[in-house]
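Multiple structures are listed underneath, in structure tokens.
Each of the two complexes below includes chain A, the first together with chain B, the second together with chain C.
Moving on, here comes the complex of A and B:
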């Protein structure tokens, strides 16, 4: 059942040219970034490793934004298209439905990653960082995207409206991303330092910096960044489980389990 | 008698004129460049221009300020030093008789081109500044990324994806 739901969602997301247009837009963003890295006078002063770091941040940031927007509506669209009733009276367990939609959203991240791979390979040409660059963007992006998708699904269960779910999830994403873009001078206070340590987006950017600029390639050397990210994933999972159970308790849908 | 008075007047006039000229002329300072007269590098590099200021007189010179002047020799325009040097000027203060002081300036090659740098010393009350010999910069462009690798992907990927989407659309339309 999970596979059927996943396949249905992925077909809906990638089968028509309109629904897959976002992949082309993501590719244009990566192309524009690469063009800037080549031609912008300020950016060309940076070392190649710092350019890789910048490109990695753009790839993961784009993925977080696009997949979060998608995940915010992947569940609520069932309510708004009036397909929820027929879906929930079918012998489908809520758990299977959530897992299917979660995997469909992760597949979008996979598609985006595949589009980004050529950019990463050519940008890393001449360095020995290509495998680490590809590996860490995959690892950090998957952890971050999975957590944001779970958060978005949980929020969707609470609100059941695309507009509210999307707005709330985007505000959360902005709240995590904007401080991560602050310069280190703005992160000097105690509260800012604590938030920096627990902010998953900060952890993603800092881990990429640690790997690409400081050559700290082993996962052990990046444990202090991976742990907050894993913690955020666990918290998002717990939130999604809580929201789904609350959704069931309210009696709008009865799980077959 | 009149002739003697005229001569005396002329001598006094000449003496006072030489005093005024001495006051308004440049200070007895010599600015030299210890580093190479031409510095080559790539945009983004840092170099150090080592200058030396010396008081050649037997009197102390006070209120000495030194600063940099950078000109783009291709554009024939002065360059804003904002990103080129963290220290645009340096207040030296007093230079004792026969004293020589080193002046090191760390320069960041911000953009490619040909540039000319001079170190200028100003002394309060003096009309003429002291200027060092010119140091020339030849800054080559820096290419951290290889355009030969990046451009085919940057231009090709959107085209390939666009064609795939068109093919997808065509297949959907023509399928029974």
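Moving on, here comes the complex of A and C:
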């Protein structure tokens, strides 16, 4: 049943050109970034490892944004297009439905990653960092994207409206991403440092820095960054389960129509 | 034989609004039940509870012998044409039904056969490769019915199944429903088309403000509503003969070679039988004695006690709502 839902979602994405548009946009962003990194006078002065770090941040950041937007409507579209009722009167478990949609959103991340691979290989040429770069972007991106998709699905269960779910999820993403882009001077206070330690987006960027700039390639050496990310994933999973159970208790309609 | 649907003191509220209040009724296996009520009476909520879409706040119920908490098991036994009809517009009709056939785990080899036969049944075989988004409302309606039949259900729930269909489309759906019912499928029909309910259903449940207000056959409901059945009487012997046997009757002399007269008698079945005996005692030859005035709209209004403007109108009934003209369904045979 999970495969059935996943296949339906992937086909819907392709049929409506939504995924294709995301992928085109992503490749334009990656191309533009690579062009700037290679041709801009100031940027060419950066060390190649710094360039990789910058490109890695852009790839994961783009993926987080795109997949979050996509996941915010993947569930609510069933309510808004009045197709939810026909799904729930079929013997489809809510769990299968959610997992199918979760995997469909991860598939978009997979496709984005495939688009990013040539850019990563070209940017890492001559550094021996290509395998680590590819591997860590895959690992960190998957953990971050999976957590954001679960969060988006949970929020979608609560709001049942694409607009509200999208706005709320983007605010959360923004709230996590903006502090991660602060300079170190802004992160010197106690609260800022605590937030930096638990912020999953900060962890992704810091882990990439640790791997690409400081050559700390082993996962054990990156445990302090992977742990908050895993924690965020577990929290997002728990939230999605809570929201799904609440949804199941309420039923697919909350008011008399 | 266990009941197909059993509902016992079912309740459901949306915040302060009580949509269903202590609703109890039974639908026997193979029955064709009409489920009526004015707008906001709780019909759709009841159907959603019975089909596992909503959880009731109180009471209990069984569908196909299964408790309402077993949503997936119930889903395998029932077919539903819900009130909200959304479709995946980007799928073709065939892909749409294949998706649901897979959800019911028909098995890949059986899927094309099931889908083709359903498309034939609802007369969409020629549009099997057409995208659902381009379908007319009537075609979508038929596709929705095909989806409801994808698992060969024992019990069929229909919420306004002929809404938006042209007369021919309505007739086709009605014929299909009759055919399914004759094959043993229990049909639970919620409709605003009172003539449709009167034509198809063997029994009717009427709810208002979430409560049961009437249950039974048309005759039974008529009695409960305190309405009398009209009986068309035609006798040989002309107007004078009928007038002498039935003083004060509304009598029409019929044009024709033979002297015949027709009148309208109001009363229940027992009174009608006594009246027939009186006519025979007067040595009148009764040529026709048929029930008429089975106007479900009158019964519906009487039971729900609403202003006429609140009541969903059935255009078919509106045309025939003149005094003395009832619905076309006749329970009394010609004699």
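Heads up, the rule we're going with is that the second predicted complex is superposed on the first by the 247 of 257 C-alpha atoms of A that agree within 3 Å, B and C clash if a C-alpha of one lies under 4 Å from a C-alpha of the other, contacts with A are read in each partner's own complex, and residues count from 1 in each chain.
One rule holds for everything that comes next: a contact is a pair of C-beta atoms (placed from the backbone, for glycine too) under 8 Å apart; a residue touches a chain by one contact, two chains touch by 3 or more.
This structure is a prediction, so every number in the text was calculated from the model and none was measured.
Student: If we overlay the two complexes on their shared chain A, which of chain B and chain C does A:41 touch? Say first, second, both or neither.
Tutor: first
Student: State whether A:128 touches chain B only (first), chain C only (second), both chains, or neither.
Tutor: In the superposition, A:128 contacts neither chain B nor chain C.
Student: Of the partners chain B and chain C, which touch A:91 in the superposed model: first, second, both, neither?
Tutor: second
Student: Tell me the contact category for A:27 with respect to chain B and chain C: first, second, both or neither.
Tutor: A:27: touches chain B, not chain C.
Student: Should A:51 be classified as contacting the first partner (chain B), the second (chain C), both, or neither?
Tutor: After superposition on chain A, A:51 lies in contact with chain B alone.
Student: Does chain B (first) or chain C (second) touch A:115, or do both, or does neither?
Tutor: After superposing on A, A:115 lies in contact with chain B but is clear of chain C.
Student: Just to be sure I follow: which residues of chain A are touched by chain B in one complex and then by chain C in the other one?
Tutor: 15-16
Student: In the complex of these two chains, what residues of chain A are touching chain B?
Tutor: 15-17, 20-21, 23-24, 27-28, 30-31, 34-35, 37-38, 41, 44-48, 51, 115, 118-119, 122-123, 125-126
Student: For the complex, give me every residue of chain C touching chain A.
Tutor: Listed in rising order, the residues of chain C that touch chain A are 14-15, 17, 19, 40, 42, 44-45, 48, 51-55, 71-73, 75-76, 78, 80, 82-90, 99-100, 102-104, 144, 147.
Student: Can you check the complex and tell me which residues of chain B touch chain A?
Tutor: The contact residues of chain B facing chain A are 43-44, 110-111, 141-147, 149-155, 157-158, 161-162, 165-166, 168-169, 172.
Student: Which stretch or stretches of chain A touch chain C in the complex?
Tutor: 1, 4, 8, 11-12, 15-16, 78, 81-86, 88-93, 249, 251-257
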